[in-house]
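Next up: some structures, all given as structure tokens.
Presented sequentially are two complexes of chain A, the first with chain B as partner and the second with chain C.
And now, the complex of A and B:
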């Protein structure tokens, strides 16, 4: 059962959409429901020891899980398709923008910023295609971003924040360091962001 | 309306509006008006919260325009003097790998589980050599210019599972084609699967043939010399025979490189 679950989780993780406990029960564990937590724990151990991956519950109410990489940062080239690389680049930039602006930004502010990088919501992008869909649907489904409507706004406005997967896969400190590197400044240049990054380790 | 004006940290408009509402409330005597007043309070508190938020992020002002400029530089932008060509690229030309560069950097920070792929799917298939050997054998023994039609291999972009199935199908077809021409001579198993040039390919062929056996589409028997031969099974055998054929046999064939040579 355990190895079946491990395989199931690895395959489900391909799309980076969080895995629901219900799916695990239905497809793999089935009749062994009572041993559920034991099987999940053992699977988690296997994932850690064999693959260096951590099984993390990101929603304790709805019981959804993601896999994150627990190995220390490996030097050198990453085995990663270009398409995935480019999406992660865009994502990092968006997450940085959100964090540096106080952890929450309005949609208009974000898209105005992306304009400066030649990324337009209304236009097919050479690299990303339908960017609006990528950001508001794919990244949200994968739980990298969280988009909530701002009440009583007309026309409806939205605020963008980090999603639970982002919180687990990357730290504010890393993001701040990335920004500092790109701008050629010291991270302490932005004192309040720096203190916040240090505080949330 | 006037939301932006109220948000402006230097304006007192929000306070003024609240004071006005307060004054108006004294004159309220109908429920509907009270409801409107309540709605106004909700709006006002939302605006108040937003104002407070903006105060917070202004503590360490983050210049997003500068960030964007630095990002473009990081991506390798080629800044040109003329800005009159198109409104698309004012002030510079972004190289094709612009986003890949950012991506490379980004990957260092994300603890992202690498996406899982089956290794088997990455083989590129060419028609295996055994098929040609069969052709040569046939030509030699009967001098007929019979050509087994190789299954056309289109771009293998399908899923890994389908790739295996297609291989198996193709091998079955080759076997059947050979049999159409010479129904009473089973092929020597080893002649069928061995690729004289590649050990790996030989193993792969045996792997695919094993599927045919498992599905009952082909049969292996021992001939007079105790050597295994392979033949396709007849598609519509007598019903009873088929159900009896359920006897599961396991055969392990060991073949290492020296033996193969």
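And now, the complex of A and C:
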């Protein structure tokens, strides 16, 4: 059962779609329901030991899980295919922007920022294609971004924040250091971001 | 000379993660990756110890019914590595990525390729198959798009409008093919692995991989069949 669950989780996670407990029970654990937590624990240990992946529950109400990469970050060269690398690049820029702006930005602010990088929501981008879809659908589905409507706004406005996968996979310290490097300043220049970065991990 | 189940280090885990996300990794790339992983995770590195490195990972993958397997490309004879699922009974690895209809097209294409003389199926023949699927008829444009995806995902490879199985597919599905196409699937007379693209002896019918043929006939004045000794009529590659 454990090996079946491990494979199930690997396949599901390949697509970066969060895994629901219900799916695990139905497809893999089936009649061994009583041993559910034991099987899941063992699978988690195996994933860590053999693959360096950590099974993390991101929603304790709806019992959804993701696998995050537990290996210390290496230079990106071998990490993923080119297309993935480019998407990750864009994602990191967006996440940095959100973090430096105090962890939450309005959609208008984000798209204005992306304009500066010649990335426009209405136009097909050479590399990213439909950027609006990538940011508002794919990154959200993968739990890298969280987009929530701001109440009492007309026309409807949205706020963008880090999603649970970003919180777990990406180090705020690394983000701050990168921004500091680009701007030629010391990370402590941004005191609230600095203390937040030190506090997480 | 058994390798004791050595400990997995982060270098092993990193190597495995990259191999899995690549789908298939060519030999020299794998060696570079081995070095990169050992350097990144500060693990002892010896350039000729790739096989041992992989054995360590495999000893931990064994209880999960997975293995890193090495296969030889039928085109250039180069080694490639892929992570395969040993418990696979069908094209289950693909099952989560494609629709029922696409899988049916793939299975039928695989039939055509394996049953063919030279290991290739023409795009015309495949498009005809698409028109006769049980799930529902697939239009020409749709089928062309699906074939493109199969090539991108490295299940098929395309040459001059004809399709054969990609090295990745052969590594991953060798057991499946040998057991499900027992009477038809050819094994190379030299290396005894599954042969999809092959040259066949006109007299006795044995088959050989093109790279294997090349190696075997190197330095021989006259190419002759290793089994029946008749003159080998195919062009030696």
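The rule we apply is simple: the second predicted complex is superposed on the first by the 197 of 201 C-alpha atoms of A that agree within 3 Å, B and C clash if a C-alpha of one lies under 4 Å from a C-alpha of the other, contacts with A are read in each partner's own complex, and residues count from 1 in each chain.
In this section, contacts are C-beta pairs under 8 Å (C-beta built on N, C-alpha and C of every residue); 3 or more make two chains touch, one makes a residue touch a chain.
These figures come from a predicted structure and were not determined experimentally.
S.K.: After the chain A overlay, clash or fit between chain B and chain C?
M.R.: Once both complexes are aligned on chain A, chain B and chain C clash.
S.K.: Could you say whether A:134 touches chain B, chain C, both of them, or neither, answering first, second, both or neither?
M.R.: neither
S.K.: So, does A:3 touch the first partner chain B, the second partner chain C, both, or neither?
M.R.: Once the two structures are laid over each other on A, A:3 reaches chain C alone.
S.K.: Which of the two partners, first being chain B and second being chain C, lies in contact with A:68: first, second, both, or neither?
M.R.: first
S.K.: Hey, is it chain B or chain C that touches more of chain A?
M.R.: Ranking chain B and chain C by residues of chain A touched puts B first.
S.K.: Output check: A:180 vs chain B and chain C. Expected answer is one of first, second, both, neither. What do you get?
M.R.: neither
S.K.: Should A:147 be classified as contacting the first partner (chain B), the second (chain C), both, or neither?
M.R.: Neither chain B nor chain C is touched by A:147.
S.K.: Using the superposition on chain A described above, determine whether A:113 touches chain B (first), chain C (second), both, or neither.
M.R.: The answer is first: A:113 touches chain B but not chain C.
S.K.: For A:17, using the defined touch cut-off, is the partner it touches chain B, chain C, both, or neither? Pick first, second, both or neither.
M.R.: Neither: A:17 stays clear of chain B and chain C.
S.K.: Regarding the shared-chain residue A:86, is it in contact with chain B (first), chain C (second), both, or neither?
M.R.: first
S.K.: Does the superposition put A:100 against chain B (first), chain C (second), both, or neither?
M.R.: The first partner, chain B, only.
S.K.: When you line up both complexes on chain A, which piece of chain C, out of 2-10, 128-136, 200-208 or 218-226, runs into chain B?
M.R.: That would be 200-208, the only stretch with clashing C-alpha atoms.
S.K.: Overlap the chain B and chain C contact sets on chain A and report the shared residues.
M.R.: On chain A, the residues that contact chain B in one structure and chain C in the other are 10-11, 14, 51, 53, 69, 78-80.
S.K.: Provide the residue numbers of chain A that touch chain B in the complex, in ascending order.
M.R.: 10-11, 13-14, 16, 51, 53, 67-70, 73, 78-80, 82, 84-93, 96-97, 100-102, 104, 113, 116-118, 127-128, 150-152, 168-171, 174-175, 177-179, 181-184, 189-194
S.K.: Using the touch definition from the top, list the residues of chain A that touch chain C in their complex.
M.R.: Within the complex, chain A contacts chain C at residues 3, 6-7, 10-12, 14-15, 46, 49-53, 69, 71-72, 74-75, 77-81.
S.K.: With touch defined as at the start, can you tell me which chain B residues reach chain A in the complex?
M.R.: 42-43, 46, 53, 56-57, 59-60, 62, 64-72, 74, 88-89, 94, 98-117
S.K.: If we count contacts the way the header does, which residues on chain C are in touch with chain A in the complex?
M.R.: 8, 10, 13-14, 16-18, 20-22, 33, 36, 40-41, 57, 60-61, 63-66, 85, 87, 93, 96
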